Amino acid sequence: MATTSAGTAHPMLTNDHASAWMGIEVTRLDDGHATIQMTLRREMMNGFGMAHGGMIFAFADTAFALACNPADGDGSSMTVAAGADVNFLKSSREGQLLTAVADRRAKQGRSGLYDVQVFAGDPSGADLLAEFRGRSRTVPRKG
Amino acid sequence: MATTSAGTAHPMLTNDHASAWMGIEVTRLDDGHATIQMTLRREMMNGFGMAHGGMIFAFADTAFALACNPADGDGSSMTVAAGADVNFLKSSREGQLLTAVADRRAKQGRSGLYDVQVFAGDPSGADLLAEFRGRSRTVPRKG
Amino acid sequence: MATTSAGTAHPMLTNDHASAWMGIEVTRLDDGHATIQMTLRREMMNGFGMAHGGMIFAFADTAFALACNPADGDGSSMTVAAGADVNFLKSSREGQLLTAVADRRAKQGRSGLYDVQVFAGDPSGADLLAEFRGRSRTVPRKG
Amino acid sequence: MATTSAGTAHPMLTNDHASAWMGIEVTRLDDGHATIQMTLRREMMNGFGMAHGGMIFAFADTAFALACNPADGDGSSMTVAAGADVNFLKSSREGQLLTAVADRRAKQGRSGLYDVQVFAGDPSGADLLAEFRGRSRTVPRKG
């Protein structure tokens, strides 16, 4: 994890309708790192009254995308998710504040590996809900 | 894959706010199988103008949950996602109709393995967007 | 799955010391497909008296490599495993004959996705031990 | 990672023929942690002259099993691999010394999640070859 922060504004979020819908707030951005938060709303719940796994995944996936793509990139390339493996450890419920912490684990040419942990509340609380491991590919951006 | 259809109504969807928000329609339900459809809306797009990977995952995850949980279950247990591995093969865009096809691959005691394929358009079109493999666990349902 | 067989000799196996050590026999090779067999030996057992998961993985991985690399390739490129997800469904024991069946699931540019099923005995017996999903990358061959 | 070491002898290895065949040496054992080493031999090479992915996986899997099962357990239960996701980052060659470092990432009831990193040489060298994430289940041991 980098030790200096590059702020919390990221151009990628400007037109990210899905992250806007989720109500995601960026609390920290660095090279290869992102910390974000959101609050679970009713539209994120499944038929068992727990957060829909897809919404937990989508939240982690946004942290992953922010950690992959530098906020000061020149726009000629973009780094996208080639895939991910996720493990759901605990369920969560409406109204909970979640935090996702994404960190680069490895980078090899145009491929990268990022770990995202999703916590209920503050990450210091150690209430781990999900472990997400994302595989990235950097590709030319069509203009 | 079962050869007779059990209809397309599933009690799990009655209170599934996330699937309702996504606008998911069930086109086929059978033991260990589900086929569903949804249309990509603006709130599902990411900052690159493609569907947010999390929304594709959430769509596949709903198909997985429907294939896992029998529509005529007695409500004493529920089958939830322990985890999943997803591979994103192609990007998709606003307005596209997607189809997800979920099938049970293996079942061993309270653990199961389900494959979900996400297609653009009709599955016969063979325009495969994502391959999702879900790991399920059957647990007692808290009353 | 292709309907005509290209024989069971593959140049990749000529110098594959690991597959030779495992005693792997190829029973079918086609474009994007391989079926292989091996018998579990004492050196493949773990401390619980079951086949070591790594040996089951190694067996599946050989089927994956054979399905990825055409037997009549010109040698200028090679397709290697970028990663894999494996689920162990049942344990196995010394002396059992195993069959691995590998099939291409998707191909997109230089990336591919292959499913390998590992069975005890003949695949018709439906005694499924493991499900392996391999992610391939095609790269220039050095040298 | 625990800060005190419980020694490097583990009863599970006494009858682990596969780990013996691989020539695995345990360099550190703690609750939820294991560090092991082995040297790549000719029988671990594939047809491209690199280490067979299955052998790298088998090596990581042994570290995982050692981290899962306490050296001072009473033998009434055992923790086995339900599955794993592995990413191969770099290839390796005959004669190289490898180190695998396994750490518990999460534990929830009878399920656990463990990360294993495989390095060429000493882990301080930061020459990362593979990232393995193992999913464990604790089950009763049949007598």
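As written, the chain order gives the labels A, B, C and D, with residue 1 at the start of each chain.
Here is the rule we go by: a residue touches a chain if its C-beta (ideal position, glycine included) is under 8 Å from a C-beta of that chain, and two chains touch if they have at least 3 such contacts.
All of these numbers come straight from a predicted model, not from anything done at the bench.
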Set of chains adjacent to chain A and to chain D: B, C
Chain pair showing more contacts of the two, A-C and A-B: A-B
Equivalent interface positions on chain C and chain D, same or different at half: same
Distance-maximising chain from chain B - centres being C-alpha averages: D
Interchain centroid distance [CA atoms averaged], chain A/chain C, Å: 34
Between chain B and chain A, distance of the C-alpha-averaged centres to the nearest whole Å: 22
Numbers and ranges of chain D residues touching at least 2 other chains: 82-83, 85, 87, 111, 135
Chain B residues touching chain A - in the complex, by the definition given at the top: 11-21, 42-50, 52-55, 57-62, 65, 78, 80-88, 91, 141
Complex interface listing, chain A residues touching chain D: 85, 87, 89-90, 105-106, 108, 113, 128, 131, 133, 135
Of chain B, residues touching chain D in the complex: 82-83, 85, 111, 135
